[in-house]
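Two complexes follow with subunit A in common, the first pairing it with subunit B and the second with subunit C.
Let's look at the complex of A and B:
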């Protein structure tokens, strides 16, 4: 069979619909997971030891097991204890927990990167606690973690493809499906690969732009 | 209906999982070594004196890092039989090829970063000593860059352990696939995949500890 990209172009809308679902599940799990990640981070620096251990265990368990196995546990395992989630909610739950584990570590590195001397200096200048936190800790911390968070967002986006294994109709699943129907493997996967690549490039580019606009000082 | 949580028959179900874990470790070693060689070549090519070489290396590392590993594996799984209709290919081989291409790009990026982290003065000192490009790389830059590359390298190795789980989708019998096979016989997905997750943890967690230990030692 000769290479013919025109033959697969009519399927572009199907692929774009898949991409929309990939992005939807990524954005949702990134934001919910990041909020959860802040709580995991707070738990890890709690003065209450069991809470610290729980935070540590959560992070290590989710960072040292594959997302696919986590999705199998949620999608195939949880129904055994009466919790039935459809492919979208299963993928969302798995990616959210996964992202919480990774972002909690990113937040930790970011907040620890602000030297204590700066906080003391702010106190010496007569800044109140909230002012200190907002201007001295939070803003530099966000600037420090923005590249890592962007990276995490892209990794999360690429791994949303794992949702296809538990039959979420996102981009990878659309590609596998179109491949079966058209048998134009090279064309389908080239276009699909380009879509993933372009989406990650746009995310990386806009984060760099945001960095330049948000942190001009 | 509530089924007992741990109806997992270790005597019957553990051996296939351990065999799967064996393939998982083999895949990590095989593609880790191949990926390091690819990464070393493309990572140093990113600071090559010739611009077209830099561009080529940059296209490979940046394009592959924008793709999900699952897409790479599925593409090879469907495309290799079309290209070589008469070759009998084990899925484990397809898996190693895909994982090597994938790790090569990430490891190249790690090497690029650590080569650039070596202070410029070091290169200039090599220049002053009359070393040529290869000598400078080999005796001045690389010994320092390799040390810097270890912590992110271990980080990637952990990511690779988890990424290998996706070879189960192209039917290679790794730990995850073995888990699915066991489940289809014992109908205990919760217990079985908890054991599968525990086995991944046993493979991956020592690497996490090793990485943290090395970073503390460097600091």
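Let's look at the complex of A and C:
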């Protein structure tokens, strides 16, 4: 069969619509998941033992199981106990919990890399715990782990393709549909791969810009 | 600096894409009419026939827990291998992989409930049909569906890219399709209330309704019956001639009908069996 990219280019708008949904679910799950991840980390550091255990269990469960299994459980399994979520919310829920588990570990690395001397100095200056955490610990920690966070963002974005299996209409699902219709596998998945690559490159590029402008000290 | 590198990379990839589309007419064909090059010869020489089959579509073909296959199409594959006097190797596939498996020379022929639509025939080679099946509708008891027309405006699950997908989008444009890769997920979606109905082959929905008392199916007469053929690479006329002859003999001898009755408990559709009657 001849290779013909021109035959596939008219389907670009369909792919771009799918890409928009991939990005939407990724951005939402990344930011909600990261905030959740910080709280999970704080829970693991708390003096209240059940909270520590809960945080530990959460990270282990969602880090050590595949996203596809998690999505199947949320989408097809939960209805058996009465919770019925549509594909977008199921994918969002799964990716958020997954992301929270990974980012809590990333934040742990970042926060524990902040020298203790800084925290003690803040205490000596009379700063309260939350003030210290926000200004002295969190901001330098994020700067330290920005490369890891960028990596996590890109991985999460590529993982959004798993949503296609539970019928979410994101980019991979659009590619699979087009492939079935036209049978031009090489052309469609090359262009699809290119779209994923370009979006990820933009994400990586903006992270580097953020490093240069937001965390300049 | 970041933007310059990105722009350069994008330019290279774009040039490559345009370059490839420009040489779209240069690629070689896939198979020939020279008997020596034919897949038929390759199979006879290798002593093994590799057939792509579906692992999750009973009773046409299903892979059991011990790895072996059974079903109507599996029996046909065995007959084909016997006719050539070679061993049979079954390769599981899904809707997306049928043509890629042929193109990468991992199988010699597809016997995988492959409907020979006109659009697919532009890129794959189809034999004469050995089977025909149509669609049916599956829904939860109590849903307001009394006939095929009632699925208009409802959410309906289908297997991605299948003929049921096409039936839904062309004949019921007001229905909202929800696409899954696996047929089992299409049925699960109705069971778990994610969709109002599922559109799958008439036999599959009838079986699902029989096994689950909360589900109901409309499957007779089947909606939009379509012809199912064996699939090969286009252009290999010698191989296709052999397979066409094999199928004609299978029908004329009554063997196809016998297998169809055995697995599906109904006779072969007359639109297919008429091919066995010499003019």
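Basically, the second predicted complex is superposed on the first by the 201 of 217 C-alpha atoms of A that agree within 3 Å, B and C clash if a C-alpha of one lies under 4 Å from a C-alpha of the other, contacts with A are read in each partner's own complex, and residues count from 1 in each chain.
Keep this in mind: contacts are C-beta pairs under 8 Å (C-beta built on N, C-alpha and C of every residue); 3 or more make two chains touch, one makes a residue touch a chain.
Everything numeric in this text was worked out from a predicted model, so none of it was measured.
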Superposed partners subunit B and subunit C on subunit A - clash or fit: clash
Touching partner for A:67 - first (subunit B), second (subunit C), both, neither: first
First, second, both or neither for A:132, with subunit B first and subunit C second: neither
Partner chain(s) touched by A:3 [first = subunit B, second = subunit C, both, neither]: second
Touched partner set for A:177, first subunit B, second subunit C, both or neither: second
First, second, both or neither for A:152, with subunit B first and subunit C second: neither
Partner chain(s) touched by A:29 [first = subunit B, second = subunit C, both, neither]: neither
Partner chain in contact with A:98 - subunit B first, subunit C second, else both or neither: neither
Common interface residues of subunit A - those touching subunit B in one complex and subunit C in the other: 1, 76, 80, 164-165, 176, 179, 185, 198, 201
Complex contacts: residues of subunit A adjacent to subunit C: 1-7, 9, 75-76, 79-80, 84, 86-87, 164-167, 173, 176-177, 179-185, 190-191, 194, 198, 201-202, 205, 208-209
Parts of subunit A lying in touch with subunit B, wherever the complex brings them together: 1, 60-61, 63-70, 72-73, 76-78, 80-82, 154, 158-162, 164-165, 172, 175-176, 179, 185-186, 189, 192-193, 196-198, 200-201
Subunit C to subunit A touching residues, read off their complex: 2-3, 6, 9-10, 13, 17-18, 20-21, 23-27, 30, 95-96, 99-100, 103, 119-120, 122-124, 157, 160-162, 165, 178-181, 185, 188-189, 192-194, 234
Complex contact set, residues of subunit B against subunit A: 2-3, 5, 63, 65-71, 74-75, 78-79, 82, 158, 161-166, 168-169, 176, 179-180, 183, 188-190, 193-194, 196-197, 200-201, 204-205, 208
